[in-house]
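There are two complexes below, and they share chain A, which is joined by chain B in the first and by chain C in the second.
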Partner chain A sequence: MKLTKLSALVASTALCAPMAMAEDMANELTIVSWGGAYSSSQKNAYHDPYTAKTGVKIINDESSAEAVAKLRAMNEAGNVTWDVVDVVAADAMRLCDEGLAMEIDPDTQLAAAPDGTSASEDFGDLLVSECFIPQIVYSTTFGYRTDLVGDTAPTSVCAIFDTEAYPGKRALEKRPINNMEWALMCDGVAKADIYDVLETEEGQEQALAKLATIKDDVIWWSAGADTPQLLADGEVVMGSTYNGRLFSVIEEQKQPVAMLWDAQVFDLDGWIIPAGLSPERQARALDYIMFATDTQRLADQAKYISYGPARASSAPLVGQHAELGIDMAPHMPTDPNNAKNTFLYNYEFWADYRDDIDAKFQAWLAK
Partner chain B sequence: MALTPVENQTPGFVAATAAASGAFFGLFVGTSQGSGLMGVLVGAAIMAALGFALTSMLDKEKPFRWVLIAAFAVAGFFLGGLPAAVLGGLFGWFAGWFIFWLGTSRYRAHLAPYLTSGQVLWHYTFRVICGAVFTFLITPILVVMPLSFNAQDFFTFTPEMLRFDPAGYSLKHYQDFFSNQDWQNALWNSIRIAPMATVISVTFGTLAAIGLSQPHVPFRRAIMAILISPMIVPLIISAAGMYFFYSRIGLQGTYMGVVLAHAVLGIPFVIITVTATLVGFDRSLTRAAANMGAGPVTTFFRVQMPLILPGVVSGGLFAFITSFDEVVVVLFVGSAGQKTLPWQMFIGLREQISPTILAVATILVGISVLLLATLELLRRRSERLRGMSPG
Partner chain C sequence: MSDITDTGPVIAADGTPLKRSLARALRRQKIRALMLIAPLLLFVLLTFIMPIGDMLFRSVENNIVMDTLPKTVVALQDWDPDSGEPPSEAVYAALAADLKVAVEAKRHTRLGTRLNYELTGISSLFRKSGRQIKKWDLAQDAPFKAKFIDMNDGWAKIAVWRTIKTYSPKYTNGYFLNSIDMQKGTDGAEARPENQQIYITLFKRTMFMSMVITISCIILAYPVAWILANLPARTSNMLMILVLLPFWTSLLVRTSAWKVMLQQQGVINETLVWLGLVADDARLVMINNQFGTIVAMTHILLPFMILPMYSVMQTIQPTYLRAAKSLGATNWTAFWRVYFPQSIPGIGAGSILVFILSIGYYITPELVGGTKGVFISNRIAFHISSSLNWGLAAALGAILLAVVLVLYWAYDKIVGIDNVKLG
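Coming up: the complex of A and B.
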């Protein structure tokens, strides 16, 4: 008897609490992101100005790495506690397909550029999903120890397969994406043909065979912070990671490391709003998104971290690093000097082949 | 105190045993210099030669031991600078002590005369094994401590640190812990959650243990098994179950939810320790108390509780540590507002390998040591007061 009373009481307070605060918009926002330097760049560029403008309290949850799984669980439990979630484009597409993220109309729900260009034109091709509002362009690329590569610094991504010229361990991400492309490219496949080759069994075998030539020299990483640590330790001579991490190692931590921009792979990161929020929470989330993805705000984020803003109109506004005072433009993955040879994450290909190639890759790893 | 009369050993025996220890240490030095095998051979050769040479001069122990310390320190200095010199000096001290300890048969002197050589060998092998276990347990914790004073943002012993250059050390990670809002929130959440969960675990766990130790309670074993199950069921399964259950009743993402979840995890520890102390509890005492007119509540607080207190306190300590260390359940049951220290450390490790985690770990180790030492002192004091132990 007592227990039923108690649970009824708990349930009713839980139900009443949001109602008591019911206004047009909720006055609290739970924003999910990746943590570390990336979250603090968002705090400086978006959260703090938004709180100053509206008085809304912003709670940070660093759970983006497991966002898809957690959103599924929340949806099943009927208790979505997140308002705005930062995810990579591929995750956004999955969430959108499963109906876990709400669709957003860029032209009515996002701010236009200062010169009046509509948001859909300003973001252009980067609007890869109906639920996804791109925020930054980042790249997965290589850094190398300047003191361990001898007299000739590597200029091509194929240096990772050249253990004679550059002996030592390399750090590669523990997944097939990007590694397979680099392997084929360095095995003589023309860039335009890479995905045609990778579709076939033989192509996949070829890529794994190329990777097998350096398998004993590879340290596989799974968190973005691993490669910077390994480079700082001198455990690896070169390694792939996100370009912003390498910027921090080189410019902020002053380690003897340099960028190898060749064959960097662009990817997008941005916001989604979970489906099924109450109207007032949804209104608040949309208001935040409108604010945080306008031209100035996206350009502001580049003051704190070297990721390129997703709007075309933000690029000219990118200035200097907030603390170091160096120009940020040359450190952007999209800078013409850095972007001579690039890939764009192939969303369609990997959506179709990911499970299959993943299984093969993991089996190959275990061999 | 010598139990057994001894004589000096032959050079061959000393050289062989010393060579074995030299090979062991040489393995570490050799591996760090690039070749383990070379290290083993060189270490064994050096120690064998020293053992052989020194057994003929066993009467001049003092000067030769100093010579060894100095020689190894200088050799270390040329191999790897100041830190290696310190290590070399320590090794020189060990080598000198070991060779003379063997040579003058001091190792045999304090053991009973009737032991066979096999038993003597086992006596020392056992000690070496214990020492190795202890080293493996404690080294990872000790390594963390100097790293937390790193002036750089990586888990790396920088060249400055190895040279003992003050510029290589800094307190900035400690400063970061005390000034960073995320870490402070996490600290406060842990401090708010763990004691509350402990109080609940101790209360319910003690009551359950007392109840379940009464012989007339039906289904005792089944109830006991259910109450202990959070300790046996994989944590991730409890966590997922709690997540869905708490979501439905509105406890997910609340302070009370996390406290209750942690209390559930802590209860088995309290039940087990209290049940164990109850085994030695004399039931005639409660009957005597009842005989003198005390109600069950008075009996519990005046008679039973003081006697089972050690079990309750150690169960409570385990419950506290469980809650304070727990990361899996809180990830599910909590929301960003209940981020505890382990959660924050987990995020920190995954997203940004920052030595602030090491600074926090060092502080936590310090607190744990203080807590356990205090508890042990209190226990000894109460035993002394009750006259249970001499001393």
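Coming up: the complex of A and C.
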């Protein structure tokens, strides 16, 4: 495929020429993240201290949402311009599967906890892929309008299916992940059996049938910012989104919204290093990762955003919000009061079933 | 003229026949012209045509199975999927040899992802098996059949082997079948189960809605363009700024503005409730459906209709209308028989622009389309950036491109492409 290579090469040189030049400068790191409040929390907690310590200049690229597709394209063109990439765990697993991310050994390439606990023990079960260093635990959960739910505030996630007690629209994400689990749970399937049921055709039908009972009452969102906006406008009475977004609606914008932590789904976000970097760039990226994922740094990030640090040793160090001055611990998804009933995103299951169930889900939506 | 033919070929000043001398001069001119456009031609070829061709090629390309499992593919040739039995030991031995190499190069999970598009579960089958096979010793661990099935019973499933066999050729029509809601079955192509059919619906919907958007653009743009073309230059320039102003505003801002206008707690609903025209508990649903997409896209694409119409109407002499009326035509006849036919090239140009732009639109439908107002392009974007099924995305894109070309051809046959004027 000479033609393929040539065209890819030409396209990539045309598009990436400015970046390639930047790469030659020895003291720069291109870090890809999500943008918005999340990127600024990383800038405050990781980037600025790292630049102060080493003098390495950090360039922020806000492409995490398309990171997998872009990395694949860069890799095919043979010109990877990113040094460190922030992705959710499911994407990290796909990048690892595709051979686009390098494997990292936590015990030799990451910092140990201050008391000497090894990194692999400190992160524990959260090391879900060989290529992935978790950074934060976040959750997808529901928020509701306190002024629109009447006298009895919802306490269970099944309130989303109860249109009689809580009339009005709901916001749900336009994809099967999480929605299918909630639907089965509220249709009487025991929590332990949910994925066994969801594996089967009948189980998938059952979940879609349960969702069909509220299909006309749902606004389907595709960007994390949608639900907070819909809640603020009073367009929906309740909706799912990332817990940090709800924190900002409730505590920073002071909207009449409250959290419904029930059946929140934990997920992880963290770093990967692209495969195939030159040895110098790889060393620089690893040095940054070593710094940015140590115990203190992970705890620092929680000062700026309400996501829980991924290291066990960071939890006791979580303090107050840098500007609001409120205690952050009660706002963490991992706080015992909030984590009474939780799910952990089932990476293995969705890696297999995502394409299949998504096709059915989208066909069902379009009907 | 007649005596020239009598006296043989005309000779130029230097003695060569005029015809040849002329041809030479023209050729030189042509080469010069070609050299002038060569940079642009090369640029378009290298950065536009070739990447698009490369992308479209992915819709049939399927080297990955052959490249990752070369021995297995050969060994599988003798296996009959309809026998109801998993393949023989030879196939499993070939698989072990292939996977050993693939795991070293970390290519097995890639193949797993590819085959998982066709059969759910293969992704983790390959990933899990890869970890085990790393430890195997090819020379001593035979026989492999029992070992594979022992490790993961997925390797005993006929469906897994059938999928590998079906997708072993270097080229496949699987992606194209998938994009018209079909699949490769045991005896050739067959329809997908009904609960997975979506693409034909989306193609039809994309065509239908693009047509509605084009027609509403024509209806709204025609009077505006007429006023602009018939006002004195100073006033029409002022009004032209109003047409262009939204053009200079970000697409996202305009789309979000429509959200604010149309949502149930939005400006229009609030006003209607305040006026008492709509009950508070029966607010109109105007967004997150087809209506929202049509309104927002009509607004966004309107300038593309107004501008070509305006430039064509400007060239129509007002005297024609006056002449028609002085000959006894009513206002309507003068417009319909004299003015309108002359403005058709503008409508044609605008319609082609708006229709082709809207067929490939995806940001606006994604934001305001809900579930009933999304286009095929939203699925293409999903497969490019989210599911990473680039082959399917390429097949859907190729079909869309073909549809546009067919419509363009039909337009040329019916209206005539010479009839299109952009100015």
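FYI, the second predicted complex is superposed on the first by the 341 of 367 C-alpha atoms of A that agree within 3 Å, B and C clash if a C-alpha of one lies under 4 Å from a C-alpha of the other, contacts with A are read in each partner's own complex, and residues count from 1 in each chain.
Assume a residue touches a chain if its C-beta (ideal position, glycine included) is under 8 Å from a C-beta of that chain, and two chains touch if they have at least 3 such contacts.
Since the model is a prediction, treat every value here as computed from it, not as a measurement.
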{"item": "Simultaneous placement of chain C and chain B on chain A, clash or fit", "value": "clash"}
{"item": "Partner chain(s) touched by A:366 [first = chain B, second = chain C, both, neither]", "value": "second"}
{"item": "First, second, both or neither for A:79, with chain B first and chain C second", "value": "first"}
{"item": "Touched partner set for A:35, first chain B, second chain C, both or neither", "value": "first"}
{"item": "First, second, both or neither for A:232, with chain B first and chain C second", "value": "first"}
{"item": "Partner chain(s) touched by A:62 [first = chain B, second = chain C, both, neither]", "value": "first"}
{"item": "Touched partner set for A:253, first chain B, second chain C, both or neither", "value": "first"}
{"item": "First (chain B), second (chain C), both or neither touched by A:224", "value": "first"}
{"item": "First (chain B), second (chain C), both or neither touched by A:356", "value": "second"}
{"item": "9-17, 27-35 or 315-323: stretch of chain B that collides with chain C", "value": "27-35"}
{"item": "Chain B and chain C contact sites that coincide on chain A, given as residue numbers", "value": "7, 10-11, 14, 65, 233"}
{"item": "Sites on chain A touched by chain C in the complex", "value": "3-4, 6-8, 10-11, 14, 65-66, 68-69, 72, 94, 96-99, 169, 174, 205, 219-220, 222, 233-235, 348, 351-356, 358-360, 362-366"}
{"item": "Residue ranges of chain A in contact with chain B within the complex", "value": "7, 10-11, 13-15, 30, 34-39, 59-62, 65, 73-74, 76-79, 81, 223-226, 228-229, 232-233, 253"}
{"item": "Residue ranges of chain B touching chain A (in the complex, touch as defined)", "value": "152-156, 182, 240, 243-244, 247-253, 335-337, 347-353"}
{"item": "Chain A-facing residues of chain C, complex", "value": "46-47, 50-51, 53-54, 57, 105-107, 109-110, 112-113, 116-117, 120-124, 127, 195-198, 201-202, 263-266, 288, 366, 370-372, 374, 379, 384-389"}
